[in-house]
Amino acid sequence: MIEIHDVHKSFGQLEVLKGIELTVDKGEVVTIIGGSGSGKSTLLTCINGLEPIASGRIVVDGTEVHAKSTDLNRLRRKIGIVFQQWNAFPHLTVLENVTLAPRKVLGMGKAEAEEIARTQLAHVGLGDKLATYPARLSGGQQQRMAIARALAMSPDYMLFDEVTSALDPQLVGEVLETLKMLAEEGMTMICVTHEMAFARDVSDRVAYFHKGVMAEIGVPDQIFGDPQHPETRKFLASVR
Amino acid sequence: AKADKLDDIISSGTLRCAVVLDFPPMGMRDANNEPIGFDVDYCKDLAKVLGVEAEIVETPFPERIPALMSGRVDVGVASTSDTLERAKTVGFSIPYFAFEMVVTANDKSGITSFESMKGHTVGAVAGTFEGIALEKQVKAWGEGEYRPYQTQADVFLALSQGQLDATVSTSTVAMASVNSGKFDGISVVGKAPFDTDYVALFASRNEYGLINYLNLFVNQQIRSGRYAELYKKWVGGTLPSLTVPNAYR
Amino acid sequence: MFDTALSSADLIFLAKGAGMTIVVTAISVAIGTVLGIVFGVIRVQLGTVYAAPLTFFLDIFRSVPLLIQLVLANAFMGMVLRLQFSGLTVACMVLSLYTAAYCAEIVRGGIDAVPTTTRRAARSLGMTWGQDMRHIVLPLATRVALPSWIGLALGVMKDSALVYVVQVTELLKSTQILITRLQEPMFLLLICGVFYFVISFPLARFGGYLEKRWSND
Amino acid sequence: MFGYTFQWNQALARLPKMLDGAVVTMEVAVLSMLIGILCAILLTLLRLSGSRSLRAVATGWVEVARNTPALFQIYMAHFGIASFGIHLSPFVSLLIGITFNNAGYLAENFRGALKAIPDTQIRAGRSLGMSQTQAFRYIIVPQMLRISFLPMTNQMVWAVLMTSLGVTVGLNSDLYGVTQDLNALTFRTFELFAIAAVIFYIITKIITLSARLIAARLFRY
Amino acid sequence: MIEIHDVHKSFGQLEVLKGIELTVDKGEVVTIIGGSGSGKSTLLTCINGLEPIASGRIVVDGTEVHAKSTDLNRLRRKIGIVFQQWNAFPHLTVLENVTLAPRKVLGMGKAEAEEIARTQLAHVGLGDKLATYPARLSGGQQQRMAIARALAMSPDYMLFDEVTSALDPQLVGEVLETLKMLAEEGMTMICVTHEMAFARDVSDRVAYFHKGVMAEIGVPDQIFGDPQHPETRKFLASVR
């Protein structure tokens, strides 16, 4: 379970998160939508402790992320994250990209790590690209590889930050399919996305962020069908 | 009591001498590129009486004092003029050699005497007694050009190439260079009216024990006839006197 | 072709000088690179403001003629601190710091060339700072930095010609000694130039090759 | 703590002389840079030319400049050239040596900069009716200048530092030469060279700072 | 008038133009369509003498382009060309980009050149961008600037080589508008394009290139409505 209590965060003068409250249960898929700069990405990087927070608490499975005593490296193994930019490690093959963390972080043997990597890569449809270098992959393939890389750590949670927004339109579909598949398999996920159709299809709940505040949260039918907050209405009108 | 430099040398078993090795016949190299020359022998003599091994450390003229000050050498046996300015920094022994200064000219320059160097391009080794004196003279003449080079070899090279018209150097090095036959078209044309250049051994300024020993050593070299012997071996001709008339030292 | 008094003993003498050049270069580049990596990483980690004193210190080595650095270090060690170091030691100490100063810049550039997003990805897989450095930053930064590093190594080798001021007889000094004795400046300088060229050209070519290869992918 | 007594006033009294030396140092550096840039442009053009032998000469220059010590090049410029009966003053020898070095390094930079400019730029210029020279002069050179500006600044700093090698060819009016002469007179090695180091440091800082200002003014795109 | 007679051209072994015949009258707008690598761009660069030809003749207003005696720099002033890649001069402002050639090639004074440049830039809708550097312009704006730059030389002919194909879809329209405007003003133009709607709207004649041969030429209604050559039919089917 991910519990976020009254989280505040600033970059210098700019307050980016202004008291966020959100609880994500095991097996739940929560989608975050909102305008550019509303703090969506920042929240995700706070959840896995890549960014410090100013006040409030984020608790993952009972562990407080920003407590001094927390071993962040250990915590992060539980939480996979995939970013908007495809962050392939360009000097490693697809297989090596995926096996690196299991081997170095979890101390797995080579054979075992490759076994897992093969399974995950096949899962996302890259079973035939094992020896390829990322430069030879399309953006969509790189993004799917990044998902497999995160999954190879057997995380309990997955965070997705606009994973399709840097892709050519024809490549978006294949990545969204992969996400849908994960959701159906029962993975606990927080997805930041601009793909409204996807959000409506997949989410248990949809949250709308506006200028660092979670303006509204609810089931997809309510958010898309009957938005309460005026800003949500404006936003949804603009993206349609 | 604390051991002084002299003790250190004796107990270490080696005497490290700063010697300039492009200053024939005082310091130079033989066909195997081993150091030889008057200063080299002088250093070896000193080592022998101290009962230690001699180590020759090659130092270009401008690097003699830094080498001593940085502790890389114990004693300078490097044809060093004992000026009062320098004595503020290092300690000198009594003179162990004296140079006459002569003018060596490129034959094409038409220079026949010290005076006729006026208006010409002349040079000497940077930071030496004669170099400093020559630069002053050129300034006094108000015409011509003075160029200091880093080594005696460069000076004679420049002279034979015609880059310099004339140089002032010690008579010994001039004769040795002219007679070597390696430089075409240069000759010694006369004396330079500079004071006799008395050169001394040097050591750290506050090592009185060592300086005292050096003074006695120089004196002993003359008394024992070794000075004359070395002079004959490396230089030849009339033995210069190492004392100044009407003065003690 | 040339009528010369140069003997085989003299050639060996020159080769010894070349050996000294290589020794001084190898030691300085080795130590300087290690220091440079440490300084470079520290600078990146601390950020511009906190690393300012280090930046200033390293900048000195790039803003003062090497000749003066050598003379000063020599004088400082010996005259001021009264430490009796050999000329080779002083030469290597100065050249190491000199190398480190340039190397730190190269390392910093290499690390900066690794996108932060890539490093974030590594950290979010649970890798520690050290693992990120070792498995992601190092291989990627090396590609960017290696050609410049080879350039630096060559530069240090050439600059090592100046260590004669602390009584180290390297290649150029050996040549000058032979010139003093044999008085064949042009011929000897040419041989000396060939020696330098032979040492550095293959490395330079290798650097160019790497640059070409890596710029393609 | 130190076994040495600093005598700064002895050395500081000589500061005016050293500053005169700094002026000569700057003269050599600036001249060698200006001529070096011209030579480098010429070398770059030669390396692009159709003639094999011209290309070989230019490449030879660049390779020798980059693969031998600057000290060697300066020594050659004085004693080497003189073997052919050409006599140059120390100032000119140093200038030639540093210029030779500058030109070699800059030519290599220019070549890289040239590669970074797309061919389509020349095409665009030519199709507006510009001659090859005009396209080069008005379109390529200004863009090259921007790409090469930082390397040129670095080269300028190196040129200043290289002037310290002038003593080997008999120059004693530059900052290093003056310092060395003063050292021969007084033997205050540490103090004198420390002051020289500070002056060199200030000169290089002035160069890099003014280069930054110039770049900010010049390259607003 | 541009007359092209039996032009052949090869790059090494590869024959790129295999006997092209085409005459473009004053005031006419001819559009060239065809597959990639069919030699369209090559023909344009031959017309203004940027590329030599192997045999045949190209005559512009009675001047043979590839004759030894022809002053190409003078000829090119008559023939403006705009390429697929935006070739803005990045070191010059928009105004300077446009005034450079008039000043240096035609020897115009600064004031006069700027007068003309302002007019042309206003014409293509960049009247408010005079002091901007190209890096700050969108692709469409850069392309329009390139058109203004060519027009400032008062050319008698304009050649356009796929000027919209490197642009984002939403920027294509503004550039095509500019071309249409020029065509309506009576400029003699040869446009290579992949925009079939544009070709149909604007052209007097449309030529179809296939593997170095001009397979077919005719009025737009005929080419698009009733293509004769089987390759033309295939091509048009594929782009629809």
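Read from first to last, the chains carry the letters A, B, C, D and E; within each, the first residue is number 1.
The criterion applied here is as follows: contacts are C-beta pairs under 8 Å (C-beta built on N, C-alpha and C of every residue); 3 or more make two chains touch, one makes a residue touch a chain.
A quick map from chain label to UniProt name: A, E = Amino acid ABC transporter ATP-binding protein (PAAT family); C = Amino acid ABC transporter membrane protein 2 (PAAT family); D = Amino acid ABC transporter membrane protein 1 (PAAT family).
Not measured: the values here are computed from a predicted model.
Undergrad: Going by the stated contact rule, which chains contact chain A and chain E alike?
TA: Under the touch definition, chain A and chain E have no mutual neighbours whatsoever.
Undergrad: Approximately how many whole Å separate the CA-defined centres of chain C and chain E?
TA: Each chain's C-alpha centroid was found; their separation is 54 Å.
Undergrad: With chain centres defined as C-alpha means, what is the inter-centre distance between chain B and chain C in Å?
TA: Chain centroid spacing, chain B to chain C, equals 36 Å.
Undergrad: At what distance in angstrom does the C-alpha mean of chain B lie from that of chain A?
TA: Chain centroid spacing, chain A to chain B, equals 81 Å.
Undergrad: Hunt down the residues of chain C that sit against at least two other chains at once, touch-wise.
TA: Correct list: 71, 75, 79, 82, 185.
Undergrad: When you check chain B against every other chain, which residues touch at least two of them?
TA: Within chain B, the residues that touch at least two other chains are 66, 69, 157.
Undergrad: Send over the residues of chain D in touch with two or more other chains.
TA: Residues 79, 83, 189.
Undergrad: Chain pairs that touch, all of them, please.
TA: So, checking each combination of chains, I get A-C, B-C, B-D, C-D, D-E as the touching pairs.
Undergrad: Could you please specify the touching residues of chain C with respect to chain D in the complex?
TA: Those residues of chain C that touch chain D are 60, 62-69, 71-72, 75-76, 79-82, 154, 158-159, 161-162, 172, 185-186, 189, 192-193, 196-197, 200-201, 204.
Undergrad: For the complex, give me every residue of chain B touching chain C.
TA: On the chain B side, the touching residues are 21-22, 28-29, 31-33, 57-60, 63, 66-67, 69-72, 151, 153, 157, 160, 180, 182-183.
Undergrad: Please output the residues of chain D touching chain C within their complex, sorted ascending.
TA: 2-4, 63-64, 66-72, 75-76, 79-80, 83, 157, 161-165, 176, 179, 189-190, 193-194, 196-197, 200-201, 204-205
Undergrad: Report the residues of chain E in contact with chain D in the complex, numbered from low to high.
TA: 45, 48, 50, 73-74, 76-77, 79-81, 83, 85, 87, 89-93, 100-101, 104-105, 133-135, 146, 149-150, 153
Undergrad: Report the residues of chain D in contact with chain E in the complex, numbered from low to high.
TA: Within the complex, chain D contacts chain E at residues 118, 120-121, 123-131, 134, 138-139, 142-143, 146, 219-221.
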